[in-house]
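Listed next: structures, encoded as structure tokens.
Next come two complexes built around chain A: one with chain B, the other with chain C.
Coming up: the complex of A and B.
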């Protein structure tokens, strides 16, 4: 399946959008996760709160994915 | 840039994130102002019972088999401090561990001093051993061995032959006061040389506070005092030594420490803040119980508390 250069670049852009979001989320979760485990170790009841706070940066990946889908949409059917 | 620094070798962000949060949770378990007010109205036995409902439970219950009254509380506090430091050092990861170790070396110096003083005043081995806070590099086993095997100051010094303190111990073995000053200086010099920026800043503040206290005391007793090196400038509105002056100066450090615990930073400051707050708590409980034991009035005890 041959695609023109424009479509190829759009695909690359979509990939970058998702990758950026994922890397950002990873960096954020690294520290939040460490802190959440620290808090849980002292007080077990904080498990629920810690879990929610840890996954909040996942929204970044969702944003990245939405942008990626929009970009792919630009490439046409 | 800060984000990128997180990946470099000199910074350990998740290590600090973990340790600092644990320390913050531990800070929440410290005694509150109200607790001290309650203590003022209690007898020693009641204070002991109250402490058993707090973080001191384990140590007090363990020691209650052997001791009672003021000694039980005193030794319980020492042991709890030791266990708390050991716990934090145990849970600290990578870089925080190094810096905490550097801070805790002060207890090596304190323990050497305790053993020397104990042997000098011919205190019993058990008493010396209970006064130790073995949180530094010297293990409790090593220190207790020194206490058991050495019978005088000279023999104690020989036991520290392989340590970096030996040359000072040997040189000033005839003058214990000078010896203690020199040990302090060595600790501060080594700590300042190897500490991170934040620890360095705190140590310089601590040196300043010690110097101000010593100057005031020296002025009152009319003697020239040894000044520790590389202090940070602080202003104190007191010219003479008094309880108020001492509490005011110590409060400067405690207030700074309490602010430090609540900072959201990936460095040693929150941990340091907790250490200072914990040491202060132990010192406050000690002032309280000693005061109650000696029959001092409530006002006089309250005046001396640093809260």
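Coming up: the complex of A and C.
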């Protein structure tokens, strides 16, 4: 399936948007996760809180995805 | 249901001679959450004295628990009839137990010593350990990395060297004239010398002794095993009985007492107050005074119907609500499965999860029962959503479903955001209700209502731009300014930083759609891969089946974990932040005990 270069760039842009969000979330979660596991080793009851804190940056991926969908929307149906 | 159970503070004043009766009654009723009296809290009262049996009980408990933990005994306690017999039995048991354990520890340390000797690299050189020091000779014992003979020959031939090649090193014993000692030391350090002592025994002797000591060890271990087998039920029963007695006999330490009276203070459920009063009056012939008080910061008991109960588990994972707070369990009961189902939304996955839970339910520990209930309810919801989306393992089995997740992207995103707006504002309204407990309506509205006004204002402004209607834009702008001022007034200037949070909180609900989309895309990818294999026929069909099974298994795992965590997160982060404080403490009434062996 051949697409014109404009559509290709839109696709690339959508991919970048999602990738950026995912990488950002990954970097944030890496540090939070490490700290959370450390806290859990000291006090096991912190599992719930640790889990929640760890998934907080995941919103970034969602934003990335929203932007990606909007960009794809520009390409038309 | 929407609030924790009503509690009342109670003060029980008893004359000394009735103390025992009162404590026994309270213990049986299991309702009083004791507030500890602290020494020096009052100038006229001191902490009470424990009953005189307390020392014997705790001594016996220490012995009992050391046996239980050493033998790792578990069991369900039964009632023990004859306590004085039990005491005698425990004494005897403890004596033989201690004896055996002592012997066992000794054999173990001897075994370790022998093993060390056995590993000694000098063990088989055939040199007696009795060789100590000579006047004219110096001895070097140990191992080296590389051979030393040639290097020694360079300085003298007058020495005695016994050596033996080991795996990586060479064990040796060298005797040489004392005046050459320094030179030899230099040679040795070049060759990687490690000094060792000569073993006291040779290998065969060590092996003989090891065999003997191991036999002894096994015999002693068997003795302990029999001891465990014959007595574990007794030990569990007696621990149960003693723990109860001990707790009763020591509880006066937590009460205030004067010369002739004992005062117990604590929290009880409000509906049990009359019952306690009557019971205590009866047992002491009206000699006890029970007073109901208004205290601060009562413990929390969540009170929910059995159906909703399991969701308290999710609340406990976060933090128990304070007594004055709204108990959001029922709201979680409604929203959590809906979120979960909206994300997973597949008839096939829902049915599989139900089947797995049905099969595993009996085998899993009771502690995670609530979790299983939550997943069961959520699976039902995801089956329901599966029919709405028309999906069965990612395959669209309804030609024109109510909603098509893959194609109706905008509708799905709008629904998600709408759910977010409703959920967040529900949280803000609950927050307003919570604030009303401490503040008047104006203040509460400034704190929580202002956020609702902000959202309405943004909506009006957005509508104004869409319709290019200037008056709507004006109203929206003014309302936004007003709501920001209200927020500053209500929650302080620092909250300005959090203004964009309300938007990102709302957008965060798009995950409801995003995770579902990921799950359904992955499922249909596996379906396509498998159908590719099926078309080829022959052996490829087997590969296709494997791809289907493995793929859907992985996707089901992800599909359970993702929606669960994200549904939870939407509650904890977006929803709870609007109203929930938490930090309540658990109501744990006197009379409910924790045990080592029991359970």
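The rule is simple: the second predicted complex is superposed on the first by the 77 of 77 C-alpha atoms of A that agree within 3 Å, B and C clash if a C-alpha of one lies under 4 Å from a C-alpha of the other, contacts with A are read in each partner's own complex, and residues count from 1 in each chain.
We adopt the following convention: a contact is a pair of C-beta atoms (placed from the backbone, for glycine too) under 8 Å apart; a residue touches a chain by one contact, two chains touch by 3 or more.
Note that the coordinates shown come from a computational prediction; the quantities given were computed from them, not determined experimentally.
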item: Overlay on chain A: chain C relative to chain B, clash or fit; value: fit
item: Which of chain B and chain C A:55 touches, first, second, both or neither; value: second
item: Contacts of A:38 with chain B and chain C, given as first, second, both or neither; value: first
item: Centroid geometry (CA): angle chain B/chain A/chain C, rounded to a multiple of 10 degrees; value: 50
item: Which superposed partner A:67 touches (first chain B, second chain C, both, neither); value: neither
item: Chain B versus chain C as contact partner of A:16, first or second or both or neither; value: neither
item: Touched partner set for A:75, first chain B, second chain C, both or neither; value: neither
item: Closest approach of chain C to chain B (Cα atoms, Å); value: 10
item: In the complex with chain C, residue positions of chain A that touch it; value: 47-49, 51-52, 55-56, 58-59, 61-63, 65-66, 69, 73
item: Residues on chain B engaged by chain A in the complex (per definition of touch); value: 3, 6, 13-15, 17-22, 24-26, 91, 266
item: For the chain A and chain B complex, residues of the former touching the latter; value: 27, 30-39, 41-43
item: Contact footprint of chain A on chain C as seen in their complex; value: 316-318, 409-410, 413, 504, 507-508, 510-511, 514, 565-566, 568-569, 572-573
